[in-house]
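I've put the structures underneath this note.
Two complexes are shown next, each including chain A; its partner changes from chain B in the first to chain C in the second.
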Partner chain A sequence: MGGFASDTFLAALLFGAVTAAIPLLLAGLGEQMSEKAGVLNIGIEGMMITGAYLGFVSAYYSGSFWLGFLTGAAGGVAVAALMALLCVRIGLNQIVIGIALTLGLEGLTALLHHFQFSRSYPRLPAAEVTPIPLLADIPVLGSALFRHHLIVYLAVAMVVVMIWVYRRTQFGINLQAAGDKPAALDVAGIDVIRTRTAAVLFTGGMAGLGGAYLANVGAGLFIPFITNGAGFLGIVLAMLARGQPVWVLVGALVFGGCLSMTTAAQVAGVNIPTDVIQMLPFLAVMAMLVLFGRRASLPAALGIPYERGAR
Partner chain B sequence: MMEHPRAGLPIVTLEGVTKRFPGIVANDRVDLDICAGEVHVLLGENGAGKSTLIAMLSGLQQPDGGRILIDGAEVPIRSPSHALSLGIGTVFQHNMLVPTLTVAENLALGGRWWKRPRTAELAARVAEIARPLGIEINLGARVSELSLGEQQQVEIVRALLRDSRLLILDEATSMLTPKGIAELGALMRRLVERGLAVVFITHKLGEAADFGDRISVLKLGRNVGEIPPERLRSLERAALVDEIVAMMFGRQAGDDAVSIPPRAANDDALLEVRNLSVAATPDAPGLDAISFAIGHGEILGIAGIDGNGQKQLAEALAGQRQAVSGSVVLAGQEINGLDVGGRRRQGLRYLTDDRLGEGTVGTFPVSINYFLKEIGEPPLWRSGVERSREIEARARELTRIYDVRTPGVSTPVGRLSGGNIQKVLIARELADGARAVIFNKPTYGLDLANTLATRQRIRDIAGQGLAVLLISTDLEELLSMCHRIAVISQGSLVGTVPNGDGAGERVGRLMIGIAA
Partner chain C sequence: MSGEAVHVRAAPLDASAGQASRRDLGRRLLITLGPILISLALAGCVLLAVGVDPLAYYGFVVERGLLSPLGLQQTLTRMAPLLFIAAGLIVAFRAGMWNLGGDGQFLLGAVAAAATAPLLVQSLPGWLALLVAFLIATVVVVIWSLVPALLRAYQGVNEIITTLMMSFLGVSLANVLVKLVFLDPGTTVPQTRTLPVGDRLPRLFETTITSGLVFGLAAIVIVHLVMTRTAFGLKLRTVGANPRAAVHAGLNVPLLTVVVFAISAGLIGMGGAIDIIGIHGNVRADWNPAYGLAVIPVVFLARMNGFAAIGFVFLLSVLSIGGESAARRLGVPQHFTLVLVSIVLITLAIAEYLDHRFNQVRRT
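Coming up: the complex of A and B.
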């Protein structure tokens, strides 16, 4: 058992931080797009658990991680399609539907898992790692940051993609208009419902992918309720990030670090009650909310269904 | 045949178009021909149903009855994008710009999502359209930083960017300067000469008479009269105005006679401002050592082209904007150090031009809006608990006194017409202890009846001995009410003119930068 300061321990801690951050990053980036477009996507936790479950089942039977990710994302998109139908097209209350979807899907996936595997929790083999040439050989940091599954690098690259989408593309402008003043987008000839639906489906895909990663790579197995609030943390991240993808990444790493510390401290046998250690990520949430929450500026039409011609 | 090959040909025809909203028929069997080569003016009081008619033409609303013909064939206009593809471009009455986006991004809104906005091309086209209009557009500015007038200019340019066959302007001149309005008139003329049709909605009879080829009057949702081009040309202006006023209100013109309230000979300054300065922001001018004094019962007008610091002045006085130097003295008391609430308690009141955005909470009932600035305070709140019955009784009384036309005091204020929202604001701001009142564009967007009522209300306020600062871009308005008129330009007062013979011309010269 190494001490707190040993290199291997530090590397494991950082590696764990990245692994824990990735689902949060994917969920946060996904949620950010919905929120930009004016939809408060509380159903994201349900999309994540669906992605985790379907992603695991598919990887388990096919033996392919990539098929698992794909199935997980597709599952998230399917849930998002339901959410978009109810909240965007029909205009039902986003919070009520979001909570209902989350609770319903947590129950459903637990039930399905129970039917399939009864009380056993089969594991997947360890995920294949793609070391980045040269960087992976840096001491400590190399094995912590640059020896991950390929999907990790893709997730981080998504930050850049999102920045580009929001800053440089017509779609990014449309999204912001849909969230800040949907009527203005509508009279400019762009369908608000479609724009928002696209955003919600994207959220579903990202959340589903995040869930699949969390189960297949992070944990290597599926347990009911495995997402354990990761989707909600994604919502917090998106709100604190004020529309900037980079801040979602920073926030995800902070929370990921806390989650990793929780595990690491337990492994290292630090003499603090586990309950206290497990509170760490949530203390971090509160600290971030206190520090940055007041400056969070949300889109003007967030949470308000759009209806043409209403006033 | 006709002089213009395409003139007089209806592009759009409305036949018996009807639109109902809960409890109201907004448009009642309206017939209307909109012809190429004509500026068709649509006149009517607030609530007459003009905007609803436009909503149907731009695909925002679907009619409940009747039909819309385009080039003679029936076409249901399904959506805004359908309307745009039919060549119908609209500048809506309510701002349709996204405040968090830049002007350029707003202009690019509506491009297909997979295409990248082309900034250079856009800049060239905007310049081409804006220059002859005398409009200057800062493409990089964020819309929320523009004044309402500048925003309106952006919207006009946007509608023109889209090569429409039919251009609809729903009260698009309410925030333009007299010069801007004249230029818009000339532009409309050029557009119709190219064969476009223009629908121009306004409250101002003068504009209708100046710019219209055909005038239709809406009243309570019905088309109550039309003056076709031949008749319009043959009428004397005065006769025309009389005829329109008769159609609109069933009452005679001439009630807008000039009547500057008399003043008691008491020259003590009630509100005195010395060397008030405010720092400039990238998109708004600052204030440069503004000084003036207003006596008891005096109305001091602030004339000037919109965006020259009027809003900054009002906000600095009200305490909403930080001043870098200077002093404000009200009734002998320095109020410079006080915040918004403190100044209000000292008797300084401010009626914003942004009635719905800043002045009221649209979704709150009329009753609460009356007491918005006293929430939580006795006597209407006791230990923080709302005393609904007292509030309602007080609200009913104010509604009666200020003649607010509302279905009830629990109606959300956002549902009222502009004139009635203004009355709610006035009722609130004049409540106990008002000494000096600042009005910023008090009649902007109001119909004639409400404009006259508001002006009378302001005269009455001065008549009671209060000091009034009246900021307006409508020179006629200032000339009809003020004792003195100061002119603001680029954030400083460039001169003050006592009202009287020749004052209009002197103020006008100051406004365009020639010493009076």
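Coming up: the complex of A and C.
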């Protein structure tokens, strides 16, 4: 059991933390935009599982990871388009539709998987990594943080992009208004429905991409219900981050660390049953919610469909 | 912002009118049955896509879940736990609270009953042992529900998230309890001690239907009457419709929140207990029927009306029992039921919207 302190073990632990954090980061950033615009997107779990399934199928048959990511994101967008149509445009209950989409897509992907892969359980080859010059040679940290698939760096870069969008662009300000006082945005001559639709579609793309990463790079295969609440964790991250993309990144790394530690503990041969280990990330979430939940700030009009002229 | 977390209203689908005229009733039937037929067709396309004949599948499900005597008895037995869950969800949703933690609550109730009942029957008379096990299970789940309830009531933490997270925790915890704490030393299969068939809830008349069905029906009818006909129910619905107005009306909203969670989770826990002391007798490791989430659509389809929910729970049971047979015989996994239920929910919501629009247009 002396493996805990060794450099390679530590590097593997950190590497795992980043790998586990990326889907949460993507889902959290996506959900954040929806919530900012006033749409509580419970369907994100369904968007992620769709992204995971389509991403895997496409990468498996084409042999290209990038095509997999693209298809996964497109799948997420497609589900989001349905969600936007039902919840933003015609104003159906966001939670009911969100649950329906999540359940239905979990069922559908499991069904399709059963007929396609349940006999063979094919795996993808390990994803190729892009080491960052110089940084990748730092002992321990180099192999843990700077030897990942290119998409990982892009995901982290998205944090900066989101900060820029929210602070410096008109669209970012529109989003904020769509969530806090949609009527005011409408009076200013900007279409609330269109703003919210854009936000939901973005969420779908990010969630689908996150799902594709989870299946293709994280696991290397698709199994039914593989997302196992990752989308819901994304919602928690968005809630706790209070509109700040940086905090989504921090939160994702914390939960990713938890997830990575659970696998590491098993690899190191710590004798704890899997079920106890599976509880850890969710315990961490509950602890965070108990400690910081009070300060979680959400837009005023979250969850309320906008209807022009309604009081 | 702290005290005023999102109040995503559960009310819009509420059925307020009890005085529906005959024509209204016909319209209701049309906008309920129409979408169900459309959904069956859409889900049939999914079956076609995976190379299964939808007519054969549906025929098989109806035959196994509804027409064969044994299947019908199984269907009615399956209704017992589902009715408790539906009753629990109706309380929460009518009070405007999203208890999405049904799976965890159900399993913890089941494990608590399975842990206690086989030991209690050795020392107490049969019916008393079952009653005590049932109550213990309920109390365990009520305590479990305090975490999201207190967070929502006094910290304003959104219960959608906390109950979902607690559900993942509850499912894992139930497994841990089965594998480590309440493991039956007598078998090699990881499961709890088994309640002997003779000590379980009696069956109805000469059938295999559990008497748990009667309790389930009683629970949902009582819930319906309490929510619609009593002052207490009105208080809860006021909280659901407008929490701020409820405060001004002098209601103790935080306390009512905790009470709603306790009743809702308690009823779902009772569902788990009934499933064990009435039907299964033990909990096997990794057993999770995931009834909790599957019943949520049912409750919305019934527009949170207890009597309508009984009908929809029956339909879900037919699908579920028939689907299990079909999984064995036709090789279509159970997941298909999930797909069908969610398509029904979406088409029904759309139908309701179109109906609403149609009425608006006609009025102007």
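The rule is short, and it goes like this: the second predicted complex is superposed on the first by the 308 of 311 C-alpha atoms of A that agree within 3 Å, B and C clash if a C-alpha of one lies under 4 Å from a C-alpha of the other, contacts with A are read in each partner's own complex, and residues count from 1 in each chain.
We adopt the following convention: contacts are C-beta pairs under 8 Å (C-beta built on N, C-alpha and C of every residue); 3 or more make two chains touch, one makes a residue touch a chain.
Bear in mind that the values here come from a model prediction, so they are computed numbers and not experimental data.
In the superposition on chain A, A:Thr169 contacts chain B only, with no contact to chain C. Contacts of A:Glu31 after superposition: neither chain B nor chain C is touched.
Judged by the touch definition given at the top, the superposed model places A:Leu185 against chain B, while chain C stays out of reach. Judged by the number of chain A residues each one touches, C leads among chain B and chain C.
Shared-chain residue A:Ile235: touches chain C; no touch with chain B. Contacts of A:Arg308 after superposition: chain B is touched, whereas chain C is not reached. Put simply, chain A uses no single residue to touch chain B in one complex and chain C in the other. Listed in rising order, the residues of chain B touching chain A in the complex are 55, 58, 60-61, 79-81, 84-85, 90, 92, 96-101, 105-106, 108-117, 414. Chain C contributes residues 1-2, 5-10, 12-13, 46, 50-51, 98, 100, 147, 151, 155-158, 160-162, 164-166, 168-169, 172-173, 175-176, 179-180, 293-294, 296-297, 300, 332-333, 335-339, 341-343, 345-346, 349-350, 353 to its touches with chain A in the complex. Across the complex, chain B is touched by residues 168-171, 173-174, 176-177, 180-181, 183-191, 195, 299-300, 308-309, 311 of chain A. Those residues of chain A that touch chain C in the complex are listed here as 40, 42, 86, 90-97, 99-101, 103-108, 110-112, 114-115, 224, 228-229, 232, 235-236, 239, 273, 275-276, 278-279, 282-283, 285-286, 289-290, 293-298, 302-304.
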